[in-house]
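Consider the two complexes below, in which subunit A is the common component and subunit B and subunit C are the respective partners.
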Partner chain A sequence: MLNVGSHCAIGGLNIDFLINIVLLGFLVCTALAIVFTKNLLASAMLTGIYSLLTAGFFVVMDAVDVAFTEASVGAGIATILMLSTLKLTGFDEDPARHNVKAGLLAVCGVGVLLLYGIVDMPVFGSPTAPVHMHVAPHYIYQSMAEIGMPNIVTSVLASYRGYDTFGETVVVFTAGIGVLALLGASNHVPQSRVAPMSQHIILRVVSKVLIPPIFLFALYVQFHGDYGPGGGFQAGVIFAAAIILYSMIFGLDTARSVISQPLIRLLSAFGVMLYGCVGIVSLLNGHNFLDYSALAHDPLHGQHYGILLVELGVGITVASVMILIFFNFASRVDMVQEEQ
Partner chain B sequence: MLNHLPILQVILPLLAAPTCLLLKEARLAWAFTTACCMATLAISVMLLLQVIDSGVIVYSLGGWQAPIGIEYRIDSLNAFVMVLVSGLSSAVILAARESVAKEVGADKQVLFYIAYLLCFAGLLGICATGDAFNVFVFLEISSLSAYTLIALGSDRRALWAAYQYLIMGTIGATFILIGIGMIYMMTGTLNMHDLAERLPEAAHTKTVFTAFTFIIIGTCLKLALFPLHLWLPNAYAYSPSIVSAFMAATATKVAVYVLIRFVFSVFGVDFSIDHMPLQQILLVLSLIGIVWVSIVAIYQTNLKKLLAYSSVAQIGYIILGFSVGTVLGLQASLIHLFNHALMKGALFLAIAGVVYRIGGCEFSQLSGIGKKMPWTMAAVVVGGLSLIGVPLTTGFVSKWYLVSALIEAGWWPAVAVVMLGSLLAVIYVWKVVEVAYFGSPEDGYEGAYEVKEAPLSILIPTWMLAASNIYFGIDTRFTSTIGHLASQTLFGAGS
Partner chain C sequence: MMIVVDVVSWVFIVLGTFLCFSGSVGLFRFPDFFTRLHAASVTDTLGSGLILVALVLQAGSEWLVTMKLLFILAFIFLTSPTSGHALAKAAIHAGQKPKTSDANEAS
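== the complex of A and B ==
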């Protein structure tokens, strides 16, 4: 959301400008390819590429935290979940049962409206744009004194607008509950019949080497979010990615014996509770909800504790919900195969 | 603790939801959810009293003053809507235990209550907040949990209905987000109060026009205004009966609240009504909607679906009052918002009782049901009379205010359409009465003779709502005073 000092010189042909044009060109091509591809596997992979390109675009715009999230969620987990869904549905698109013309008309209408809205937007990267004149300067100049975090994005995300982030964590939790309610609740978990990929020696060795550093990296992203790009959302997804990789290579049953399902469910609730309880402690100390200054004698220390705990809550919920969703999707594959 | 009421109202159900996951038994989860809804109702009533007593309450989250941080801003409008939401949710959850036990699989009931709490908390969060982006976050919570609740219906078509709603709802939410992003771009703030001050400067730009269009279309999708209502009938018809009652009584009402909030408190009366053709567009759509959808309702053979179409028509009345663009018109809208929640709450709960006993609500199954379940069907009749707008019911009060507003504005053709809508309502309500009281049980299915009255746990909440339909039809002080106060504040703040 924050775009602090943009390098992009307006009008002049510098390298940033070129990169922007190329990235956006790729984005358009990928989007068109997704529309015209009949094979759903290819579409799913293309959406992953689309997300990766978007992430690159965000990096150029100096929004590294957003780029990080987009890369790990959009290009990573979302693609895996789509692929595991396709495993159930098959890779072929149902020949047009839907009304193409009406859809096209609606999409064109929205497109025209969006283009119309662009006309009066402030010039890209303009320092006098309203977004840079009102609230943002406060974040940029005051956050060090008020919160004491070098990463302004974390300050905004976890403290100034911490309540939004609490809401987003609940959204993730809600998604987990939804998947559990629709796919998971049954206690009967069949023996996994999807052959694990452990007979592929290269995959097995490479993943054995990769998984521990991925965990370590997740922890780094989790706890270094105050200083560099990162935070609970990204860390949670990376952590879950390591476990998903493990279960893909060594089989679901092995993964299930390592990670207890009821525990994962409890953890997904625990993260939300942790976040909420930080807010409740502020309340009990006589401050407003989520006012971290109430957590320690020195308000700055309080902010640090608060943000650390809150980010941990986010990380725990995100990681456990992602694992939960993947496991439920995967065991659905087994159940369907068992029925056949 | 009294000054923390605005936030307690929302985080109580929000934190109750993950706590509920620890409960293993459905009965416990139900008791816990009910207790939580009741406590929230108490809080929202206290808040409403506080607001009437001492004016707007502002609560800065995280201790950061808006617009740096997020604030909750409670005025008479959202305090009123929150009392409505928590009141109806409490009444519906009271009836839920046996109905859910019958309609939702045993291993999914705890998850059902969690989703119910999340949806409830999301709706309250949308109402309480004074921050435009925060609206979107809580909209996501309430929508995701609503899709889950609908998909839990025992009918297989529930999944398809939930999927349709998911697609339409997501488009709506995305439109709202695009709009919010654009007004943020033009003003640099997300706080509604701050936006209202800074938007007039940019009011002439094409970007703000686009933002306005996106937000209006997005909310109209959410509140199911004709012709964007196509997701609603299936969603109401195939979801568990308790969910139909809950959604009909609360979700669309909160979407209407969002529309009112953005039009009056964010964009302002001057911009929305004087500069934009909003009034004319909404007027035409609501009038066509009232007539067309009421006619469609007449042809339904499933009671739930009939009432779902009738809901879309009733939303037409709410939007009609809104489109008049006067204090009286808005007051009529708010009164009908409240009254329609009472009607549909009572009707859908009564249907929950019917479905509990006979397993469905196709007209072919309902033949002669009036003699077998007299109390339940009497509640349906009360609700139906209220829908038509018979004197001494809430529906009459709504129509009275609406017609006065239309006459005040000199919109005589619209008055005629409202009358026509009432006539159409007479037809579809009569269809139900005819089947229930004049059909003989032999025409129904085999077990029709053994059908008993609905269990008391469903019947009592149903009659609480049915009785309030009559009470608020006679004693109109509460609705008209609050409605007047809220609409006056909105017009006062806008000009």
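== the complex of A and C ==
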């Protein structure tokens, strides 16, 4: 085997440390580039790069689940949604600038305060940091016996902290409702004027080859989340990305005829409802809200069923809200063109 | 046997890094959009592809890792040239003309 890994030391420096320094350097450069770019298209792309670098940073820290979420949500779908917003607003920054000096002063003030706050923090990676002394040991030592999932992150996210994750799902659902209320008010959907890209034969053939594996991968991420990195959030986003790719290549009208809009709206609510219903069923069985041990005779089986259902609810809501937001933004472009 | 695999992987890694490096130099130094795109897609496809091949060789008996790397390799070989193609088409569509030499323009 090559002598590469955390054991490799160059001049007394750990290779992880070097990778961290390089990644942080890239992060700073990207942040500065975002600040100084006038073109909004370029800054949207740079924000995606920033998210991807952060994902790399999380991988170095062994937080693969977080890295996966950051890569798929931050670098993937957020960039697509930002680009479809820019299609509506135009690519140029508003030349009317606000007070630059006051902003700089505020940023410097907050920066000094943050640096002052660092002084009191425990050393990076210190095992005696408060965050490692509180509930973390319980999760690490007991979760296999209590939940029975190899991936502790999934046990924490879906079971121990199920209530928080329920809140996050509701936030995603609320975002979908907000976009619908602002953009999707009228039921009149104009014919898409944006020509589909299906006359580009290479794009069409390659995307036809790629879309089924992307769906398959989304399902793998969804149902393998108990054993490896992944879960409802990432799976939902990947699923939505495949459908967005389809509608970009084959046109919005084709995609609309495949995916019915009322069904998607219904599904986005259904996911949240599924999550809440799991909690209510455990309440009715005489346990706490979202205590999945109530779902089966064997508490471990109950936890497995509960986490499966809850993750499914998250996945359905996230996927349908992302598709909803994209479709509404895209058809807004057509509406604006129709008005002109 | 191990040493052969190691040497071959080193060769692939060095080749891949060289292509990545030369691709990024080309991205800065080439005169117009299309030549820059050419440099960038070499980095994307062959540079990362060769490094992945080296990693496959290093994965050894861990077949799951090997298969995952091969999937990534196939995905990159499909998507990178396609995205390069799409970028070039979009550039032509937006009115970018390839920069030709003066001799060609005169004829």
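We adopt the following convention: the second predicted complex is superposed on the first by the 326 of 340 C-alpha atoms of A that agree within 3 Å, B and C clash if a C-alpha of one lies under 4 Å from a C-alpha of the other, contacts with A are read in each partner's own complex, and residues count from 1 in each chain.
Simple rule for what comes next: a residue touches a chain if its C-beta (ideal position, glycine included) is under 8 Å from a C-beta of that chain, and two chains touch if they have at least 3 such contacts.
Predicted model, so just to flag it, every value in this text is computed and none were measured.
Shared-chain residue A:I202: touches subunit C; no touch with subunit B. In the superposition on chain A, A:I325 makes contact with neither subunit B nor subunit C. After overlaying the two complexes on the shared chain, residue contacts for A:A63 are found with neither subunit B nor subunit C.
Of the two partners subunit B and subunit C, more residues of subunit A are touched by B. Once the two complexes are overlaid on the shared chain, A:A44 sits clear of subunit B and of subunit C alike.
In the superposition on chain A, A:M149 makes contact with neither subunit B nor subunit C. Of the two partner chains, subunit B is the only one that A:Y160 touches; subunit C does not reach it.
In the superposed pair of complexes, A:V281 makes contact with neither subunit B nor subunit C. Of the residues of subunit A, not a single one touches subunit B in one of the two structures and subunit C in the other. On subunit A, the positions that touch subunit B within their shared complex are 113-114, 116-122, 129-136, 138-139, 159-164, 167-168, 170-171, 173-175, 177-178, 180-182, 185-187, 265-266, 268-270, 272-273, 276, 279-280, 282-283, 287-294. Those residues of subunit C that touch subunit A in the shared complex are 2, 6, 9-10, 58, 60, 75, 78-79, 82, 85-86, 89. Of all residues in subunit B, only 4, 7, 11, 14-15, 17-19, 21-22, 59-64, 67-70, 105, 107-108, 111-112, 114-115, 118, 121, 125, 131, 133-134, 137-138, 140-141, 144-145, 147-148, 151-152, 159, 178, 182, 184-190, 198, 202, 205-211, 213-214 touch subunit A in the complex they form. Residues of subunit A touching subunit C in their complex: 1-2, 200, 202-203, 206, 209-210, 213.
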